[in-house]
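You will see chain A twice below: alongside chain B first, and alongside chain C after that.
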Partner chain A sequence: MIRIKPKTALIATFAVAVLFLPEIALATGADTGGVLEGAPQPTRADYPQIGGISARTLAWGLAQMHLFLAAFVLAVPLFSIATEFMGVVSRDDRYDNMAREFMKITMAAYSLTALVGGGLALALFLFYPHLMGYMMKVFRGQTLIYAALFGLESITLYVYFYSWDALRHGNRKWVHMSIGLLLNTVGLSLMFIANAWTSFMMSPAGVDAAGAITGSVWEATRNPLWNPLNLHRFLANIAYGGAIVGGYSAYMFLAEKKAETKAHYDWMGYTSNFIAILGFLPLPFAGYWLMAEIYSYSQQMGITAMGGILAWLFIIQAVLIGTIMLAANYYLWSGLMRTDRGAQYTKYVKYIAFVIVCGFLVWVTPHSLILSAQELQVLGGTHHRLLGPLGIMPAKNTAVNLMLVFTFLSFQMFYRSSRVPTVSWARAGNTVIIALYIVGCMNIVGAGIYGYITPTVYKVGASVPQVVSTLMIILGSVLIDSFMLRGAKSEKIHWGRMHERSQYALFVLPVAFTWLMGLMGYIRSSLRTHWHIYTIMKDNSPEAYIPTIGQAGNTITAVTLAFMAVMVFVFWLSRLGATKQAAPAGQE
Partner chain B sequence: MTFFRVIGFSVLVLLVYTGFANILPQVQSDPPSEEVVETSGMDMPGMIAYGEKLFSGKGTCTLCHNDLGRAPDLLAMDLAADFSERQEDAGYSGAATGKEGAAWVEAYLHESLVDPSAYVVPGFGKKGTNDTQSPMPVVNAPPIEMDDVQMNALIAFLQDRAGFEPTVALPSAADTPVAPPAGSVEAPEPLAANGVEAIDKFFCSGCHDLEGSEADLGPALNGISARMTRGEVMSAILEPNAVIADGYEADIMPADFSAQMHSSELILIVDYLMGLPQ
Partner chain C sequence: MVFIVALAVWAAAFYVMDRYIMSAQGLPVGADMMPL
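Moving on, here comes the complex of A and B:
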């Protein structure tokens, strides 16, 4: 008789779960099983009107709030487990403690995520019963799997957090990290399923032109925009989670008085900012892919996004990303004061700032303007003769790539400020890195100029060498540094030696990221124009219009403010939980 | 204290973003309203004009068929020469063969509208399909949803541009009017067909002495062509409070006719008024 050790059985069960859980969740109801009737076409009278409630604003607000919270609670366990792993590899307990603290904030936000999610579901079923009924028919059993996964997410999350100290050392640590891996697998599966529903509404698949179900749940799930959206949200969640935890660190740094505690939160803030930027750097490229797939699916939809009334929103996006870049860089430059050698790098800050500000200004320059007849006459056309060319994609691609390269340079300066290379080939290594920067930047600018002289259809192609150059600079520098700084002489980093302004810069990141996510959600949703499900089911509700940028901005601000208030409350709670009242005299 | 400082700071940052969003041009995009077009009795010049309107309007053709290189610029190219070559092209996989001249153009264009991948102009196919799939949407399906009369009007417009006498069938009584499906949206009021209908639709005679109404809330309009230019009459309708005739009050005439009227109706009203006798 074969005896299987419980440990082996546990590992085997876990491996099966990790490997097949997404498959099970996403392919449920693989039989077509659908009814061959089209999507419902409700008339205006079919939409329930309850008092003076604006159904769309309610659903929009709840959906956005749910997304903010969900993005946070799904992202933090991802880098929590990565940090925990770093703690095991480096045998540095600080990483382990920080990973646990990351999770502590998530715990407080988790129940709120479920609560708002439930509210969203109720609002959707109440105000859009035909749409939700149809979606249930298309995705059938997958909705139940989603609910079950939510239960599993809760269990693994609680077990992962509360078993932290019980499974802290030796082999038990690996069991703990396995639970964390399972938690992340379940979390990602949940996100992929929700993305399938969202992307189906933009690019329906598995149904015919009238909406009759002709394919399996898997076909509806694997619609043309599903994977681009998955990648975009995955990266954005990491950047977002990092930014929120950075905000938490900044809050704690400002609130704490003890130098030792301040040092801890300064280090945590630095690490969170690093994670946020790490997730943020590849995000524009994932965005390009998503937009390219949108164009490929429907050229009209793509033009609505980039050339129609939504085009202005990308100018706001530029302002937000510019804020993020400037704040993140300012934080990194401030960090130079943590080391004694940092001062020697400060002379370069003004040049980096110049490039980033110029890039920001290029990015916010629009091409065609919506003008009155009088303004058109004064300007002599829909765009400015000199500034207009800065509004098209080649200029913006050049700007964003240079901003990313110089943001990486800020990070590299801080990293170098506490390490002095001791290898014999250090000078040659530095020369190669400088050459990488120079050649890479020339290539980015050159490809940008080429973008001007090539037809529109090839402009997107011209951005590829720019992206490759940016990645080459970053990866090449990291690779050379990793060898060159082996055995480097370490300088002491004075964690906590930061001024308070830098912490506000760190707090700008979650605010800007949250608003940006709200804005991008508004754009993505507006691409469907007056369709619930693009080309399949019309939105005949009284609020089927695309609101003005001002209206959208006000709604996004209201939801962001609510979210930030919740987050700051969670931070405050977290601090409260760690506070112990001193025993009254005589009771020690 | 930190709690309030951080919240205050967040509010400040958010106000900057909100303010920026509110100073940009504010445009609300409404769902497209199904214009009811009376096509009964429409002659070929009417069809060509209707087709031109559809080309830049409902058909959304100009989104891609322009000088930006997304699709062939139909308004700039030599349509007659280009279309005739396509029948012989190895990439043509359609069924509209065996015709010549205007008949070929009609059959080819109809096929392109309902099956855009039957022929893909080299260099304009979907990426990665080696020009076997067209990115153009099928125009008689959502989201464009043109009907047969509209497709014929579009073809007539392009045949005319190509220098051919349009060969499409004129709409029959059974084809009209082009109306949205019952109950899907609120049906808009039909367009006025002549000056009298337009005057009645906007109730001009309720205030002005027109059509024998003897109303005197606004000035009499007889012989107006002797007092005002055509442009001034148009401005007076669109911006009634800009200039007030002696003895009359401001804010009586609605100031939102520019939003209420179709441009064709404005022209009909101005034509009618300029033709009034002394």
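Moving on, here comes the complex of A and C:
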């Protein structure tokens, strides 16, 4: 009898899986039996009704909650491994400890993610059996790959976290980071697959006009909106994950009493805020690309988003993003008190605040106003003579780019406050950076004005130089600073020397991000209007209409509150895990 | 003096960048004053 060692069996299974999984995942249309069958067209009677349960609200709530949790648990390992790597490079154990603490929060949320995901799958199969049956046919073996990857994600996540101390030094550290890399690869693959299903419902591919499967799973996966959605969600997840661990740091900062522990959580909060801003800076541009691709795929869909009732939600979006910007900047300005030289920069804060508030006001200005008949008569139309022009994209793009540039300036002031350049050309270097800011901002404003005097195609095209100008200012400043601050005299950063109200800015970020994600998810999903799968499979259920803004607002707010309750529970759980009961007297 | 030179160099750099990006999108500057 042949005996196979468990390790050999494991390697053999893995090899077989690697060999055959891509074949299953990207199966061609041939395995449908060669019969071209269109998408099912269920009638109203085909949708199960269970009591008075609103199927859509239930699926919506579960999907949104799953997305919040999944975004968080997928993002944290991404920057956890980056922080761990920084710990190896800088040989500073603080980074390693912080990376481990990031993961500790994720662990508490992971099982909840799976639980809600399972609930969502059950709700969808129960209330939308025809849709789910069709989706299974289109994506065939890929659904099994998803399940397998989910298993692998669980294994790598647990191994990555629990082996932290066992694989902490020397070559073993690299083994540990390799496990982290595998975890992130699997996590991102899961997200890309789920994005393929979502984007297929918006821009179906690999099927004909009746929904008959004509192409491979890969064709259905690589539908027109897949990659824009992938990029947008990838960046948003990083910003979101950073914002949530920032909230955790603030919670711990406020809860802890010891100065040393407070200093640790202050540093963690600063790093988390940095991660959130880093993910957030390119996000508007990824969103712009996604919307441009939506327009490119279907003008009707684009107009539904930006030209109809949903357009008003982009004003709420602007309010929320403005809130995020102001909170993140306020936190950075508060951070100037951590250094002794920080005070000399505070005089610039009011100018930065002015630009950010003005940008915020431009962004929230609608093109046409909702008015009563009386107001309409006084104004002579829905379009305000002076403010109306601020409602179109050149003004919005100019505002958002300037807000991003000045947010970076807030960050630059902080890192400059702890370093005194010693190079002989420091004064000239500063002058070159100031000139870069001036010319770059003028270019952003100029390209915005250019958009007003040229046709639409140029107006849209001019937004690209605006983005590149923002990036040039940021990258140019970082590059010059990196040379100028070589051998700079370091000033002590007094971590923990922060007033408590600054921590509430770190609470604002995850709340605003969560609400924003819920809001934008509602818009993205509503673009399909009365279609399950756009133009291919009609939604004939009793709830086949775009929910009113009020109803959407209530649902999003309820899910946001529920998620925040879960997060507070997760934070409390993490703190509980680190709490040790003192031994009773006499047992020490 | 450094400030003036830096302003001029950055202005030139941004101008070249603007023109290049617009041309790369098939939108050459100069042909942009079509009737609205």
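Here are a few things to note about the model shown:
Methods note: the second predicted complex is superposed on the first by the 547 of 588 C-alpha atoms of A that agree within 3 Å, B and C clash if a C-alpha of one lies under 4 Å from a C-alpha of the other, contacts with A are read in each partner's own complex, and residues count from 1 in each chain.
The rule is short, and it goes like this: a residue touches a chain if its C-beta (ideal position, glycine included) is under 8 Å from a C-beta of that chain, and two chains touch if they have at least 3 such contacts.
Remember, predicted model here, so these are calculated numbers, not experimental data.
When both complexes are overlaid on chain A, the residue A:544 reaches chain B alone and has no touch with chain C. Contacts of A:462 after superposition: chain C is touched, whereas chain B is not reached. Contacts of A:391 after superposition on the shared chain: neither chain B nor chain C is touched. In the superposed model, A:560 makes contact with chain B only, not with chain C. More residues of chain A lie in contact with B than with the other chain of the pair chain B and chain C. When the two complexes are overlaid on their common chain A, residue A:41 makes contact with chain B while staying clear of chain C. In the superposed model, A:246 makes contact with neither chain B nor chain C.
Residues 455, 457 of chain A lie in contact with chain B in one complex and with chain C in the other. Considering their complex, residues 41, 43-45, 209, 250-251, 254-255, 292, 295-296, 298-300, 303, 307-309, 312, 315-316, 319-320, 323, 369-370, 455-457, 504, 507-508, 511-512, 515, 526, 529-531, 534-536, 538-540, 544-554, 556-557, 560-561, 564-565, 568, 572 of chain A touch chain B.
Within the complex, the chain A residues that touch chain C are 428, 431-432, 434-436, 438-440, 443, 447, 453-455, 457-458, 461-462, 464-465, 468-469, 472.
The touching residues of chain C, counted against chain A in their complex, run 2-3, 6-7, 9-11, 13-14, 17-18, 21-22, 25, 27, 32-34, 36.
Every residue of chain B that touches chain A in the complex is listed here, in rising order: 2-3, 5-7, 9-11, 13-15, 17-18, 20-22, 24-32, 60, 63-64, 68-70, 123-124, 126-127, 135-137, 141-143, 181, 183-186.
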